[in-house]
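Note that subunit A is present in both complexes that follow, paired respectively with subunit B and with subunit C.
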Partner chain A sequence: MNGKLRDKLTSFAFVWPALLIFSIFYIYPFFYTFILSFQEYDFISSPQFVGLSNFREVLFGDKEWWPSMYNGAFITFWALTFQNIFAFMLALAVDKVLRLKKFYRVVFFILPVLSEIIIGLLMKQLLISEPVGRDVFNQFLGRLGMGFLVQDWLGTDRVRLITALVHCWKGFGWAFVILLAGLQSIPEQLYEAARIDGANAWHSFTKITVPLVMPVITLVIVLTILGTMQAFAMILALTGGAGGLTEVPVMRIYNHLRFSLVGLACAEGVILGIVLILVSFTMFFISKKIREKYGVLPS
Partner chain B sequence: MYYRAKKIIILVILHAFLMSVALSCILPFLWMVNVSFKTQSEFDSDYGLGLAHAFNVDNYKVVFFEEGFWLYFLNSVFYTFVTVILIVFVSSLSAYAFSRLDFWGKNVLFYMFLAAMMIPLPAGFVPVYVLLNKFHLVNRTGYVFAMSNMGLSLSMYLLKTFFDQLPRDLEDAARIDGCNKLQIWWNVGLPLVAPALAVVVIFNALNVWNEFVLASLLFTDYSFMPLQVGLMEFANKMVTQHTLIMAALTVAALPIILLYIKMQKHFVKGLTAGAVVG
Partner chain C sequence: MLSQKSKVLLFSLCTLLLWGCSQAPRTQGLVVWHWLTDRQDALNDLAVQYQEKTGIPVEFKLFFPADIYSQKVIAAARAGNLPDIFGILGEKKILGSFIKAGHILDLTSYMEKDNHKWQNSFYPQTLAVTQFKKDNFYKVPPGTYAVPIDTTVMQFIYNRSVFQQVGLDPNRGPRTFDEFIAVAKQVKENLGIDGFVCGWGEGWLLNALATEWAINLMGEEKFLNTIAGTVSYTDPQWIKVFSLFMKLKESGVLASNIEKMTNKEAEDAFAKGKAVFSFNGSWAVNVYRQLNPRLDYAFFSLPEVSDKYPEKIWGGAGTSFMVHARSAQKEEAVRFLEWITQNLQQEFLVLKTNNLPAVKMDPEKFPSILKTLGNDLKMSVEDFPGSSPRPELEKLTHPNVWPKNEDARVIEVMNRGLQQIIMGLKTPQGVAQEIQAVKERVSQL
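And then the complex of A and B:
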């Protein structure tokens, strides 16, 4: 009996380092966010309970919170449509070709491997132009004989779209790799059987490929939403917010923390977190419905 | 014959499409490396679109020694190394326990770690920063511990599922030979999960190497900054010095690109591991 107790205690000792780190740096901060969001705290004076006033400030008082949510949603929209459709097309193409498969995979995945700061700064150096046209990308266009395209790429009219596109450029390789893995998991026999039954390429695409990669597609959609709504380091490096034009929610939280507005930053974090959880739950619900409709067993 | 020709044309179109995308991924980096070898006047005359005249490493000398990138680089190596070691130990210990050992609250604890992976915490860095501030841990130690939490749950989950698939025979043999649990974990368990450990190492190393938010909040002193923060500071200070910035970016990007090309399978697995769980 005593030996058994000893055994269980020594077994538990295997988990406690993980549990300790996890409690201090995950569980405690998790609840601490809620507490701080009801307080006013600036690292110097002691924290003061202010009730819901931080939330009121974010939701109704702050004129820049909703625009930043809009910017985040704008970039997410482009990532969902342009980036993911593009990645799916690439995955279909790579799945089809026989040569250079590995080469394409390696090259497309370089961008997700590199840090957001590197991508942001590199693109900034390529696109920024003090007098219009005096920058690398415009010079490059000029040499290719596409001088009519020359413009201030990071100017006020375009900076939001360009930011979204750079985000897509950094992210497509990731979606591509996951979608390609999904495509390659479809057994070849299914296509052969369909061909023998007289199905053309379009039919086997819509009746076999799409339903079978549907779980992977919904996964990519959910992770794209979560990832893009929380993206910010690349945007900070690329535009620095562009005077609010490309300011995203997490950038606001970060800046508020830097200005020692801890309560406000936490309230914003809570609101964004709730929005994201709601969105991902809705998406999982929809994806379940879709899977049921297509008759694919939930995995 | 007609069928064959059609097939070849389709393949040519596909390759042209894929190649153009691949070029868009590679060209900016070739330009980056190229510009890093140029002098500023050379850059002003051709915007780095022509090849550098010579392997001129002056930019690297300036960036590395005068601007302190050697220190940023060492800092990044240090943070990455220590965090990864810590995560490998802590997560493999607990993964082994969750897979093989028996104790109270095992399932509850495991689902708690799992749940942590599912809940997005967009402002998680705020309370962590406040916490570190309170405990006077705004330093290397605080950063390493906070970072080791970031990849902990996922690493543990990966290792646990890997342990679950392994046969227990070797461990039983070790037990009969008189090994205790800790010895079995170290001598039998860890070598067997080596393939999963490689994924865990890459995933976490990349995570720490590329981390910016927390590091930029914690380290205002230049001598503690990792590369990502140093890069941001440097680029903000020298907006117009393209050649120097490109040398700095190359210093930060090239080691990762080379490692990636050498071990790309592990990188892909490591970076898509999060997706597999969800």
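And then the complex of A and C:
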């Protein structure tokens, strides 16, 4: 055995456990899900090949699939706008703070660390009146003299919006941490040079901060879309789907798996995956164009 | 080049990794998997008794919640790691798949031994849930495939103390739907507490109630014909069933956000006296005892919407155990199940866990709350403890005793539709049309 081959084998010996785990827990399930989406299967019986029937059922037959995608998109819209803008503003503020930076980072990152189920159950207690919840939020408003705002926060008219806002509240912390890291990676000298050249704060923000932090913003946008479109546990605990008003795609997949409609659930998973991959690539493409326009990337 | 030490280390690591994938060594004795959090102590006590009697240890392994338990059983079946005894949750179709895949032992010969002695000891309805008849829809060989250890029924419950507070007879629940609404309204107006709580965030409780009212309104035959596809869900009687939920909403007796309520939340609310009525399974006796031992309540039958057809109650075997057909100890497993379903052990379970028994037993031996329920269900056996059966628990019905289950997608749309009626988003007619559309679509697949 020559030395080069031995070196390669030695290197591979260190890599293969990770490769094996990755293949078993990621690559194999990915392809198996794809294969099962063409079959009728209940986990126990032998799978029966049904061609594109499951995909036809999801795309054209199931009247609830597209509304669930809409619900997912609605929550994603709020996460992209409200959550991320708030996180960015907070990151900008903390970036300028000279003291207690680490403290703020920890405080704002507590929510994403908490379990989604805990957040869902907690908010249910806060927002819903007796006998399901404790109506804490309304009582708080009453004590502040804002009784005119008291209402059924998870009522039919606003359950979707409140669900989206709870999701944003839970999720802004990680967007904040990633954006703050991006902001802190911008060299201070650039701002100093701009100040010497007479740039004001707005110019520094639009000409230095935004273009340089754009790759991080793109990453946050893509992660927000992927994370929110796959949101599930918090919504299940908070509303249980609210008669379809807050039913999201993963909730449908979960329900179909519970009913042992494995092929259908896998087809839904594949379709959701394709949609998310397309959206992600589109976002990266748009981001690249923006960066080219700003001259951050060589055109 | 790797040193000798590194080679030994790498080899040890690989061996450890592979060791971790190997099957765990089986202990001597029987292993039973279940999901019954409230019964673990009682089952362990029985295991100790069995070991003292036979010398064979029995280990009850608890996995919960039920969804996780189901996944574990499915994964174990696929991996060939099923325990000696286990239960299956879900539709009869799934049970059929397990049987056809050879995972479950046919118990018919054991049941029929000694002139059907074991079989006759059960209430027939509890066995029927896991029995397959000849030429069944699921194409499963006919037989009895599980042993029920208790009976569960879905019933209405009322708070007796609240009845007394508003001057109503605490020994009599409402008989009709209109009376039910009138009482709930009276309580809400006088005491300000909710009329009705139920875990309607979990669709199956809506489905169970809709089923009971549908059978009461149109008769079991027409109901089953709907599932068979010869009667439409847009039939006026079905629309009337869905309209009952609309009436409940319009009457204002439902707890707010009932469509988001889990069964646990509903149980908690009722146990704390926050509502006068609830609809729940007979397991609630144990739950209420744990939540509020002083709660004074009673069960009552479905508030009737018609006197043309007899009412049917969703119920049957609450928990059934199956024997793993490939277990090396299957004969011992059957013997253990025979033992656990003997009267003495069933009596122990009834008293310890407050669940109705699966075997014929004199209701006088039940705790007081179950005694009323048992008498209402006609659980007493005329010639107890003789062997001649009579149509006990004649009121019970269950999807697993029907010729076939309704398609899960139809049930899903029905449950969501009922939630939407309660939320004021849809009309009964609109929901009926949606259900029928899905029914027609899935029947063509």
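Here is the rule we use: the second predicted complex is superposed on the first by the 269 of 299 C-alpha atoms of A that agree within 3 Å, B and C clash if a C-alpha of one lies under 4 Å from a C-alpha of the other, contacts with A are read in each partner's own complex, and residues count from 1 in each chain.
To be clear about the criterion, a residue touches a chain if its C-beta (ideal position, glycine included) is under 8 Å from a C-beta of that chain, and two chains touch if they have at least 3 such contacts.
Bear in mind that the values here come from a model prediction, so they are computed numbers and not experimental data.
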Touched partner set for A:T10, first subunit B, second subunit C, both or neither: both
First, second, both or neither for A:R258, with subunit B first and subunit C second: both
Touching partner for A:L36 - first (subunit B), second (subunit C), both, neither: first
Subunit B versus subunit C as contact partner of A:F103, first or second or both or neither: first
First (subunit B), second (subunit C), both or neither touched by A:L278: neither
Partner chain(s) touched by A:L154 [first = subunit B, second = subunit C, both, neither]: second
First, second, both or neither for A:M229, with subunit B first and subunit C second: first
Partner chain(s) touched by A:K63 [first = subunit B, second = subunit C, both, neither]: second
When both partners are placed on the shared chain, which of subunit B and subunit C touches more of subunit A: B
Which superposed partner A:S45 touches (first subunit B, second subunit C, both, neither): second
On subunit A, the residue positions that both subunit B and subunit C contact, one per complex: 10, 17, 43, 124, 128, 258
Partner subunit A, residues of subunit B touching it in the complex: 11, 14-15, 17-18, 21-22, 24-26, 28-29, 31-32, 47-49, 89-91, 93-94, 96-98, 101-104, 109, 112-113, 116, 119-131, 133, 145-146, 148-149, 152-153, 156, 181, 185, 206, 209-210, 212-213, 217, 228, 231-232, 235, 239, 242, 245-246, 249, 252-253, 256-257, 260-261, 264, 267-268, 271-272, 274-275, 278
Contact footprint of subunit C on subunit A as seen in their complex: 6, 10, 13, 17, 42-45, 53, 57, 61-64, 124, 128-133, 152, 154, 156, 239-245, 255-256, 258-261
Subunit A residues within the subunit B interface of the complex: 7-12, 14-15, 17-19, 21-22, 24-26, 28-30, 32-33, 36, 41, 43, 90, 93-94, 96-97, 99-100, 103-118, 121-126, 128, 135-136, 139-140, 143, 169, 173-174, 177-178, 181, 219-220, 222-223, 226, 229-230, 232-233, 236-237, 249-250, 253-254, 257-258, 262, 265-266, 268-270, 272-273, 276-277, 280
Subunit C residues touching subunit A - in the complex, by the definition given at the top: 1-2, 10, 13-14, 17, 67, 74, 77-78, 90-91, 93-94, 97-98, 100-101, 103, 194, 197, 201-202, 255-257, 259-262, 265, 268-269, 272, 274-275, 408-409, 412-413, 416, 419-420, 422-425, 434, 437-438, 441, 445
